[in-house]
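What follows is chain A paired twice: with chain B in the first complex and chain C in the second.
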Partner chain A sequence: MAKVVVVTSGKGGVGKTTSTAALGAALAQHGQNVVVVDFDVGLRNLDLVMGAERRVVYDLINVTQGIAKLPQALIRDKRLERLALLPASQTRDKDALTEEGVSRVINSLKQMFDWVICDSPAGIERGATLAMRFADTAIIVTNPEVSSVRDSDRIIGILDAKTVKAERGERVDKHLLISRYDPARAARGEMLSIEDVLEILSTPLLGIIPESEEVLRASNLGSPVTFNNPSSAPARAYLDAARRLMGEEVEMTIPTEKQGFLGKLFGRRAA
Partner chain B sequence: MTSVANPRQSPRFVCRSYMAVALAPEPPLVDWIADIEQKIRDTGSFLVGPPVVLDLSSVKLSKSAIAHLVAQLEQRGVRVMGVENVDPSQMDTALPPLLRSTKRESADVSVPAPKARETQREKQQQVRETRSAPATLLLDKPVRSGQSIYFPDGDVTVLGSVGSGAELVAGGSIHVYGTLRGRAMAGSNGNARARIFCTKIEAELLAIDGHYLTADLMDMALRDRPVQAWLEGSALKISALD
Partner chain C sequence: MNLFNFFKRQGTAPVARDRLQILLAYERGSTRGAPDLLAILREEILTAVGRHVQIDSNRVNVRVDRGEKVSTLEVDIEIPNAVRMAPRRKRAVPMQRSAS
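== the complex of A and B ==
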């Protein structure tokens, strides 16, 4: 059974798009068939982070409106065939999305892939509620700071109220992904600790992604960080998180660059 | 056969209840307005923004006096959406509409004095009502930021935390088995004996029967500890439970 996952946060700029790309790529690296769907209509980003911006012809809205067929709009990843992108429109706004249209597209995608991962726009308006509407699972991306955590709390409440699953009396599976975590700053008390975040949000932890220049480097190259540098700290964190999403038990660690460097050495030697 | 292309549905009338803050002015009005002004200054936006209903039961005002009072409040940013407990003859269309609250008169009175004329049937009914009265709303998951729980009929118990920016309003007491970070307003129907309990307090605002305390005014030594809050006269008191 295909799983529909929404990557959401409430607050903007916390790493939703980065995480959608990296987790989508990581799941594909683990052998899964994955499509990542950009719901950020008007401000699309996912095509850039995935390095597919020059290949966009049709988009999500064209498909919901019946202007294009789904296979025409899907962009297969050049590095990994199992991974595909359904881009958003940059020229339209979120009102062009209808619930009925989104429902049809998601249902078709479920026939074609194991995972449908929806990159939500920030906020709690129509775009965000439509992105989560048909989700089985939600990944709530949070930075370890109070405003991000409070917005996540708000989004969790909305997930429990406005999704189809919630309306049926079922529960959306919720996972917390703490992103841009800086152990040194946390130790100095400049950031909330992992324990604080978990205590406030009482939601199971999917992973901790460290703050890292590798992320920016990868997105400038149009390559999810797990492709670009699989042994870097953020890539290992995303690869582990993807395995947890698949139901595997993986010990929770906060990967650091130092280990990443070692990992890279060993990786080279093995190759 | 003809068919109507787009049959218009007759409008639906839906009744809904909304939450509002009730203010009960007391004579002398000048002092009362000064008090309100002070409270707005102390507590920021608590009264500014949410709809406010004026309960005029303790004052006897003429039409023009009501209009003056409403204007005075609006000048201070308090929007009056309605008035209650006023003689309808003192109302006109220029004033906010007259509301009838669903608050039962007995809510303020702990032991209602039995009336001699009461029939047996009425007595039975009263007994039945007192039996069904202890209503409790049990919430078995956290109350998240932005959620508002409104339960005028009795106690609210939360198994979990109440997020920053969340709001609980209960006619009775409030029990939070978790961290209370948002707002809790107990005794909202005029029940001064209601209390608030929580296993850890980081609340933004506590109120009992309309008497409130914002986070700024709470004793820092109590932060993060299990506490209860109750009313002593018009002062909201908080003490540790551990």
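== the complex of A and C ==
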């Protein structure tokens, strides 16, 4: 049975799109059939992070309006066939996306894939509520920083009120993904600790993604970080998080890049 | 992987810049009223083919790849052999031939 996952946060720029691409790729690397769907109408970027920007023909709104069939709009990843992207529209008319249209597309995607991962726009407006509307599972991306944690709390409330599952009296399965974590700054007490964040949000932890220049490198190249450098710290964090999402028990660690000179040399050669 | 080492040495920013230049050249065109040539070609090809054959929209596949110097447009239309044409003449062609 396909799972619909929303990657959400409330606050902008915390790493939703990065995480959607990396987790989607990681699930595919673990053998799953995955589609990542960009809900950021007017400001699409998932295509860039996935490296598919030159291949976009149709988008989500074209499909909901019947201008294109779903298989025509899906862009298959060149590196891994079982990973696909459904791009967002660049239209300025945000009302072009309707709940009924989204419902139909998600239902069709569920027939074709094991995982439907929806990259939510920031905010709590229509785009964000539509992205979470049909979710079975939510990944709340949080930075260890006050405004991000506060917005996450807000989003958790909305997930418990405005999703189809919530309205049916069921619960959306919620996971916290702490991103851009800097262990050195946390140790110096400059950054909220993992324990603080978990205690405040009381939501189970899916993973801790360290702050890393590998993320920027990967997005420059248009390759999810788990493809681009699978042995890097953020890639290992995302690969583990994907396994947890699949229901596996994986010990929680904060991967670090700390390698000796030789380790780096070999790590690089292996990549 | 060689490619990977190559990028590592050079830094990835030049790749990012090239990718953005290609993308923005195209997006600026299509959002500021300039027609999107690939989209026009796509529509006209489909219309032209549709004049001769009934196209099943499930059997059409369009792929583009926007490059810096060249872009490619691939329009892949499945045309069933049995229902070849919207027939102009009602009589079957072989019958006419044997009659003459």
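One rule holds for everything that comes next: the second predicted complex is superposed on the first by the 256 of 271 C-alpha atoms of A that agree within 3 Å, B and C clash if a C-alpha of one lies under 4 Å from a C-alpha of the other, contacts with A are read in each partner's own complex, and residues count from 1 in each chain.
Just so we're on the same page, a residue touches a chain if its C-beta (ideal position, glycine included) is under 8 Å from a C-beta of that chain, and two chains touch if they have at least 3 such contacts.
These numbers were taken from a predicted model, which means no experiment stands behind them.
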Requested in this report: Between chain B and chain C, pick out the one touching the greater number of residues of chain A.
Outcome: C
Report task. Determine, under the contact definition given at the top, whether A:79 touches first (chain B), second (chain C), both, or neither. Result -> neither
Query raised in the report: Which holds for A:150: it touches chain B only (first), chain C only (second), both, or neither?
Result: first
Query raised in the report: Which partner does A:160 contact after superposing on A: first (chain B), second (chain C), both, neither?
Result: first
Requested in this report: Identify the partner contact of A:221: answer first if only chain B is touched, second if only chain C is, both if each is, neither if none is.
Outcome: second
Query raised in the report: Which partner does A:202 reach: the first (chain B), the second (chain C), both, or neither?
Result: first
Report summary line: chain A positions within both the chain B interface and the chain C interface are none
Report task. Show which residues of chain A lie in contact with chain B when the two form their complex. Result -> 124, 146, 150-151, 153-154, 156-158, 160, 199-200, 202
Query raised in the report: For the complex, which residues does chain A have touching chain C?
Result: 48, 51, 53-58, 69, 71-72, 90, 216-217, 219-222, 228-229, 268, 271
Report summary line: In the complex, the residues of chain B that touch chain A are 141-147, 160-161, 163-166, 179, 181
Requested in this report: Would you mind writing out the residues of chain C in touch with chain A in their complex?
Outcome: 1, 4-5, 7-8, 12-13, 15-16, 19, 22-23, 27, 31, 42, 57-58, 60-67
